[in-house]
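Each of the next two complexes has chain A plus one other chain: chain B in the first, chain C in the second.
Then we have the complex of A and B:
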């Protein structure tokens, strides 16, 4: 029963929403435009740093969010400018390196005064502006089976804000994907040369998609940071790979794919850990080994998804971004 | 793209670099006055202690501390010492990247799981050689093997090469037969790397494991010092690389391999069994990666489950720098990357040395995506 309740709680947890939002950003890159961005965690990390550092320096919340957006947009421009003309796998290598570069810089000692080095920035140092806005009472509130604080850390307030944001950006995706702009992006995904021959500036469209998706990724990072803390090593390569897994799980190029994917991904991760710790004796699988064990399953899921059902749960087999 | 470097591209690369450098300097300047003296002291202490403070599993190798701390007491020259360290590191890195390059050349796959093959080699050796009780996942029995180092290393290399055969037989070959696109295969390799990385952590634990307890005696060459084990490692590495070169240039199968790299369909049409060549390349690549992993673990004194994952991007940097798919390019690229990484520690913190390699990688992609030795072809 506990396992079920915990899994259900992780379906609507703020972390799930943060990953759903970041995956919506990745959906602009991969689902719509076919860009192989393997450094999405870098955008998230930049968003987290932008928000946390500007809040630490006394910026009000809307300025902090704007700084996060600006940081991600600048990174997208800087990254996309030289790389968007490269072939798919070069772009993947360039983005993954750029994201790692950001993580190395963030955790380096030379920037410790700013980014906190490898320990990162504590939640209490930057969450207060967001928590002060909470209209909910500052006490534990129980809804059905779940108890959370009203406004602190992983609060009901954060739950509400996170999912409203996800909803808004899903709506944005839906509107943009069916707009003329979105149709051009889909055209680029299907056949770049055909779109170019129609007189569209492919490079500029790719750049717009990269920046927009990156900014959404950064907002996802901010949501994640509001529920946890800013920790550079939590935004390494595995995070990007999880995002890919959950996007492909839900279905790339669909509106609800990233959201459903994120919910299923986190719920099954919690359920697997719960079931494994309940039913497999600790002599066979000790508690320390649970985390790697479940992540091995994530990796295998990603492999099987790509090979056997690349369109995911909701996707349309004809709408695939894999033709490179 | 023509052979001549496009001037616009060069300009673009320069601007990106300048902007990035300015941003980093600005951030550093913003950060330092806030806690000037204390951070400086911390940074200094950390460099001296070889980054011991960042002691989590993901921390950077705490190893080259000896190189940093020993300079000064004898007649060694810092620059020469770091250059030698760089060449050693580059040669060891080359073992791993040659395999990556061969796989790319023959199949077109950027194999993201290659780093895990490096860790696998190192940790399997630990598994066979350690005196501590070890166990296998899912089997709740602990036992001690405790072989000497060299048989363990040979067993580990054999097992790793076997894993390459298994992978190609049951994963990559069926995928190629199903005509799964190369991008899909790349994402499959990413999934495989995630699975293998965590499997290795689950099997061998998250701690840094030492392959040998003996302390390396350092030999003084006047301007620089090198450990005895390191010299042996360099020798082994040179032998392996020479063997690969001989194989590629002088043997029939080697020529067939190069033909497949050049043009698989043409090679197949002229009677070369492409699948067989690819199978052999997988076995060689994983075996070489294991050798590289073992030697790097000896050079670094220890190996953790994520050592290969951290080296993967360095390997990509080396392979791209030399020209994707060019086996000898990988050697040149690895040497350049190795030297750049080790020399950079003279000016930057040790925790930024891998960042330097990634910076080089991005720069190369901007200026000359086909690499130093690569053929000029359209890559965009």
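Then we have the complex of A and C:
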């Protein structure tokens, strides 16, 4: 029963929302435009740093969010400027290394005063502006089977804000994907030269998609940080690959794919961990091995997905699938 | 209609009475290999001009240069009196010169209708901020859709409008690409091997469509291997070999040209190359 409740809790946890939001950003990149961004975690981490550091320095919450957005936008412009004129693979190489660069810079000793080095920034140092806005009472509140604090850390307040944000950006995706702007992006995904021959400035559109998706990723990072802390190593390459996994799991180029993908991904991760610790004796699998074990299972799930349902849960096989 | 080519000499680089495209000294080499070296080239407005030549003659490269998809080392070329040197492919298309591709570039995972709509111009909804407010672009979208439907009917693709472009046959994709190029009402349309991979049944209707384009007042320049097509519809034929223009003229005159026959068959095709003959 606990396993079931924990899994259900992770379906609507703020962390799930944070990943869903970041995956919506990635969906602008890959689902609409076909850009291979392999460093989405870098955008998230930049957003987290931007938000946390400006709050630490006394910025009000809206300024902190704007700083996060500006940091991601600048990063996107910088990354796209040399790479978007080249073939797609180069963007993949550039983004994966640029994201690692951000992480290494963040955890380096020379920036310790600003970023807190490898320990990062403690939650209490930057969460207060958000928590002060909470209209909910500052106490534990139980809804059905689940108990969370009203305003602190992974609070009900954060639950609400996170999912409303996800909803708004899903709406934005829906609106843009069916607009003429989105049509140009889909055209670029299919064949850049054809779109060029029809008189569209492909470079500019790719840049717009990269920056917009990156900014959404940064906001996902902010949501993540509000439920946890700013920890550079939590935003390494695995995070990017999880984002890809859950986007493809849910169905790329769909409105609800990233959201459903994130829910299924996190719920099954929690369920697998719970089941493994309940049924596999510690002599066979020690507690420290549980996490890697469940990730191995996630990897196998992804492989099965590629084989049996390449378009993802919600995807349209005629529009976007792995194997074509 | 009087023949605009009546006074045009049958020689490479011949000046035309009303040229829409003029190119001078266009030179493109890849390393040590000269792909294109055209001294002078003109395309007569509102006529069908064919660009032919054996494999490797530099036709497609020259085509890419004229449409901005490749950049020459030297050269000048203009369209409608405006120089196009250093102009991006998108700007050239917006100026009214639209091309298709040898390997058809239908946007496979978009519907036929979406392919068509993408070809339209003056849709402000292609701007990010305008796109956010559907009220600002819905009206134009209706006009575009009506135009696309008319074109699809003309190219006999209307029944396929909600199918994905990837589900069409090769020939239908060629038709779609041509129809899509027409969405922007170009003055000039450049077709890169429009007949490649098209079955004979569809060839006939493709030919008719090309002739119709001219009759509507558009200029057509096409690259082709198929000599039947060239004979049937081309008003003027330009022959390239080894990067240069070697002959120009009406189809029948050009085919009889010694230089052209040599280029296609080899200069020594009727000489015995065995040792004891020398």
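Simple rule for what comes next: the second predicted complex is superposed on the first by the 315 of 324 C-alpha atoms of A that agree within 3 Å, B and C clash if a C-alpha of one lies under 4 Å from a C-alpha of the other, contacts with A are read in each partner's own complex, and residues count from 1 in each chain.
Here is the rule we go by: a residue touches a chain if its C-beta (ideal position, glycine included) is under 8 Å from a C-beta of that chain, and two chains touch if they have at least 3 such contacts.
Since we're looking at a predicted model, the values are computed, not measured.
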Chain B versus chain C as contact partner of A:168, first or second or both or neither: neither
Partner chain(s) touched by A:200 [first = chain B, second = chain C, both, neither]: second
Partner chain(s) touched by A:183 [first = chain B, second = chain C, both, neither]: second
First, second, both or neither for A:5, with chain B first and chain C second: neither
Which of chain B and chain C A:208 touches, first, second, both or neither: second
Which superposed partner A:191 touches (first chain B, second chain C, both, neither): second
Partner chain in contact with A:318 - chain B first, chain C second, else both or neither: second
Partner touching more residues of chain A, whether chain B or chain C: B
Shared contact residues on chain A - chain B and chain C: none
In the complex, chain A residues that touch chain C: 172, 175-176, 179-184, 186-187, 189-191, 193-202, 208, 212, 318-320
In the complex, chain C residues that touch chain A: 67, 69, 88-91, 93-94, 98-101, 105-110, 114, 117-119, 121, 123, 125-128, 130-132, 134, 137, 141, 164, 166-167, 177, 180-181, 183-184
Touching residues on chain A, where the partner in the complex is chain B: 36, 38, 78, 81-83, 85-90, 92-94, 96-98, 100-101, 104-105, 107-115, 117-118, 233, 236-238, 241, 244-245, 248, 281, 283-285, 288-289, 291-293, 295-303, 305-307, 310, 322-324
Touching residues on chain B, where the partner in the complex is chain A: 9, 12-13, 16, 19-20, 24, 27-28, 30-32, 34-35, 39, 42-43, 46-47, 51, 53-54, 56, 58-59, 110, 137-140, 175, 178, 180-184, 186-188, 190-199, 201-202, 205, 309, 313, 316-317, 320, 348-349, 351-352, 354-355, 358-359, 361-362, 365-366, 369, 379-380
